[in-house]
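Consider the two complexes below, in which chain A is the common component and chain B and chain C are the respective partners.
Up next is the complex of A and B:
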């Protein structure tokens, strides 16, 4: 299915899907939607990306982070050094220093981490009530109302945990299956 | 009291760490703990002697009656003193015995854990609390028996001990719960207060007694559950001395004593205890005479002694209880000593076979003295505490109202055996003249001979001052067992030339004669081997192996690796359950009354129905996987449409997304599957179709039934209102999911996470070549 049209469209559409899934997650409290559906939509975004570009590309683009750095020399201006690091990491231009001396840290977010983090988020959202001396999972709402997202509270945190868990689970399955 | 247990647990789990830091000096902090506990319990003695009992309670789960309630009365204190003192000696002894064992830290952990749980058992007042510690003793005993885990014998023995005592523990749990229902109290003190008459006449009395007895008999190695105790001798000797002679096996006796004011006094109780105890005493004595391994001999005499204790509890008179307590203390003292001596001998010479051990007294003088002191007590020679115990046993059996000749006979038989074994253990091993004394591998260190020497001396001193020190404490213990009777103990060494004294002397004489004929007995032993083939041990082995084999076969049939079969089992089981419930107590569905619903049928409903049915029929015929997946997707989308039509947008959205994902995932996997091929007969297909139709029919019928007999509930209105007013959300479904029933959702997503890991494991599994498709 790796046609150019499909790949290009998916490249543009994936962020839109993701944005939409987050929107669904937030609107779930008042309208159809919620963490589970949001997570499924989010994962479908990645599933299409996997179909179009392959699992390795998806993992590289969305689930890994490479941080570049190099040891600062004595007498090197701090500001300049900082700017160069920023340039290298944000704009991908590694200049001003011997090109081959750049070190990098490779961070990879595995789907299992997402699952675990989601579960952790869901569990911790309940403990807030516990800390306030109320039963586990008692809901707390903040007194603000955001324009698109609605109000914020611990159930939302819980829903976000569900979202991440579902996302991580589908990703895990997709990545495992498309390997070999 | 709670702090003693907490300290024990803390030290137990710190032991391996301490071993890492302190190396062989770990023994000091670990010996300090039981010593401190012993001193603490000593400090409680005056209060208990005055007739008080110390109560302490921490609420745990008060709704279920589960509380950490502890009580320290005479009986508990006696046991607690025994446990902590023996614990102290055994820790020191184990240091000498295991010495440089690399896992010494772990050993101390198990040992301290056991000591703590045993203290918990004897101090617990709440039944659940008792059960908790009771099981902990089983588990720590399992760990200790299996300490030499590189030996198969140790492992199987540990298994056996765990299964037998753990199984008994389950029975005990049931018995205790029935008992609490019958008496209306969850604590022993409450049960005793409410009076035995109520419990004894209760309808649940019989099952409660049987279950409690089962638990106690397995723990205390009573016939026919005695077989685990000799096998448990695979444990290192300090463990055998501590658990399997002085403390753990007495837990059953303790509980019987504790419950006898509640359950005792009936014919059933008396008969059961007398018969089982008597059989055990005789069987233990007879089997002890056939063994040549020092530890096995001691194990069987222990079984015999436990039988005597149970019998005394069965008689239940004041004198019998007095005899029971004195004999229990005496037995703990001398049997612990003898085990420690056997361990020292084993350690120094490398063998435990009686036939190979001669003239050890020359080189192991102190061990020999300890053995002699204990043996004299065991034989019941005057001036030793064992003598007081033996006299009381005879007296109590003569005084018994029922079966007194039987009881006396059992006592004398056991007594004769004890004398013979005692002579064997001391005279034959250490002092008998021989030209070829057994060579020692090394001399016994003070760690190995001091603890038994101390115990042996205590046996002598207690005999001399029997009336002075142990008597008041034992009297308080007897008061705990017989709360409604006047108890007064007068222990004395010398009663004058009474018939009982005559019996005692006769026992000594016969015992010595038996000892002379022991070598002859050993020759006849092999002939009895055939008999053991039908003994409980062999039955256990056969049962255990058979169970494993059958289980394996059962699993192989049921879980044969075909996913479709798993689904069939689940579906059929579910249908069976549903049909059973429907047949039993569901009303009939009035199908005719629903005929007019047809008239309200909408066109789009018909279209959807036709679509789904046509798709399903098409699937049955197709041979292409891609087609069937796409058609299944079609069915799924139709279902989503149905949801939308009936106003469940959340469900519809989820269904849509799931269908999409399913199709995509299938497509991803599709090219990895082998070509489609009918591996099984076409007939299979019809079987599957039939099962599907059955499942569908059952579900449809159930749904119709539910619709017809809808449960009136205010839940819908409640959620409708509360979701906005209380939970700030207008989407009721989501509010229920994340707020009202958030805990359920948490459980579900946890399951989901675990399932994800399971799927991962399944997918990454590389099937073996030639495995099932």
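Up next is the complex of A and C:
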């Protein structure tokens, strides 16, 4: 499936899938939608990316973060140092004066962390009601009403947790299956 | 960890504890523990710390729940503030609190055993989160007040069992797990069908409301109640290994390492019996024409077949697995006789069996740690080498067989008394004979493993893999802990029996349950 048409199309479609999945997540309280289906739609983007580029590429592009830094030299101004760090991290352009000057921090988001964080969010959204002296999962809504998305409240937190949980589950399955 | 400590702080500060908090703690603590274990994936030390906290919390919260329920009778909460027949109800009575408390004791013991007795690969690949999720499922089954949620919690529990049984992926384990998964999915299908049928006939899933509906004498669908109950009898019958459908249990329970099989064997089939007793006292009251004789026959056959199967085995763990089946028969016997005394006997017997069976499995684990086999033929001479271990086994085995004054005796005594009072002499005779054969099996293990001289080493490779143990004495800690609790409920049986009798009365006089849930 590694054709140029497919991979280009996926590049354009990925943000669309993700945006739409978040929209589905937000409207889920009073309309069809919600965390589960939102998570599934969101994971489509990554499934296609895995099909087009392979699991390792997906993990590298979306689920890892490399932060470059180097100690500031004595003669360099603060602004210049800042610009160089910005260049290195945002545009990937690293001008090295010496070869081994750039250090990096590598952060990797495993699917299991997404699952755990989703569960944590969902469980804690219910605990808020408990801490307020109400039954577990008693709903609290804010008075804000957003134009497209709807209201904000603890059930939305629960749905967001489910969204992350489903997303993490699908990713875990896709990554494991594409290895075999 | 922050939210956990917050919850605990509020729990101890308030003079009168919030019932919803008390009911939620046994669910939330294992769940938070599992989530944090997942966040520390593959970091065993952190997971051990988190799991220890969660286990202790689970134990304390179950104890608090038991205390509060013994004071007030019932605790209920409505999840999300939706009132009772529509929302999800959590309810605790004495029966569920007692089972939960004994489950949490076993949880601590198995956790302690796993620290030394489980290989590091299994710990690294998710033993602790799976164990905690399993405990979450156990809490859920015990506390739910809704028939569909009962099914869902059972699924939570079973999926964790599947994963735990297969964890490590050796050939024997996968074979055992496959049998377990196949038959249990079948049982879940039957259960779900039953839930659907009940909903279509009586229009509710809330157990309290169902109990109210089936007690209306003029309900048009009332003659079909027995039909519904057969779905649940079959479904939970498979899950708790009652007579015709027990064969999966001895085929799968002996395959995983002891730290896994002790918890599953000690607890999970009893959770099936718990659900059966809960449903058949609350909703499907056994009628004297059909259901009660059926239950009596099933319980007698379960006892007999289990104990005969055990007598034929030559493997430590397989003998114990077959004995699970025979003791499930005793628990069913109380339900079949259906008097307060017999039900109290069943409840006491479940508590006793959870503790004793786990302890015996752990003893077999300690033996296998040192001799790398479970086969009775190859073992021997342990009485000379480890007299303390022999003592631990001796007391637990006598408790299992029901020698006075140990705990099995009190359970069987109450069951036999209940049987005599109700005039079911046949089942009492069967149970007493089975008890004798149980003693024979335990004597067989004692003779072969502890008493006879150690046979010369054969060239065959060891079955059980050796795990490097840093502190061998720590292996004994869970055994001693469980034995202390066994002796506690044997020698100070009166308070436990009184609690069991109150629990049985709560089960039989359902009006208070219905009132507590529906607040009428």
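Some observations on this one:
Just so we're on the same page, the second predicted complex is superposed on the first by the 171 of 180 C-alpha atoms of A that agree within 3 Å, B and C clash if a C-alpha of one lies under 4 Å from a C-alpha of the other, contacts with A are read in each partner's own complex, and residues count from 1 in each chain.
The rule we apply is simple: a residue touches a chain if its C-beta (ideal position, glycine included) is under 8 Å from a C-beta of that chain, and two chains touch if they have at least 3 such contacts.
Because the structure is predicted, anything quoted here is derived from the model rather than measured.
Of the two partner chains placed by superposition, only chain B is touched by A:178; chain C is not. Judged by the touch definition given at the top, the superposed model places A:117 against chain C, while chain B stays out of reach. Shared-chain residue A:44: touches chain B; no touch with chain C.
More residues of chain A lie in touch with B than with the remaining chain of the pair chain B and chain C. Once the two complexes are laid over each other on the shared chain, residue contacts for A:75 go to neither chain B nor chain C. Judged by the touch definition given at the top, the superposed model places A:137 against both chain B and chain C. In the superposition on chain A, no contact is made by A:92 with either chain B or chain C.
By the touch criterion stated above, A:147 is placed in contact with neither chain B nor chain C. By the touch criterion defined above, A:127 lies against chain C but remains apart from chain B after alignment on the C-alpha atoms of chain A. Taken together, the two structures place residues 112, 115-116, 119, 123, 126, 136-137, 139 of chain A in contact with chain B in one case and with chain C in the other. Taken together, the chain B residues at the contact with chain A in this complex read 649-650, 653-654, 657-658, 660-661, 664-665, 668-669, 672, 727-731, 733-735, 737-739, 742-743, 745-746, 749-750, 752-753, 755-757, 759-760, 763-764.
Across the complex, chain B is touched by residues 28-37, 40-41, 43-44, 47, 50-51, 112, 115-116, 118-119, 122-123, 126, 136-137, 139, 141, 151, 153, 155-156, 158-159, 161-162, 165-166, 168-170, 172-174, 176-178, 180 of chain A. Within the complex formed with chain A, the chain C residues making contact are 3, 6-7, 10, 18, 20-21, 24, 28, 31-32, 34-36, 38-39, 41, 77-81. Residue ranges of chain A in contact with chain C, taken from their complex: 110, 112-113, 115-117, 119-120, 123-124, 126-127, 129-131, 133-139.
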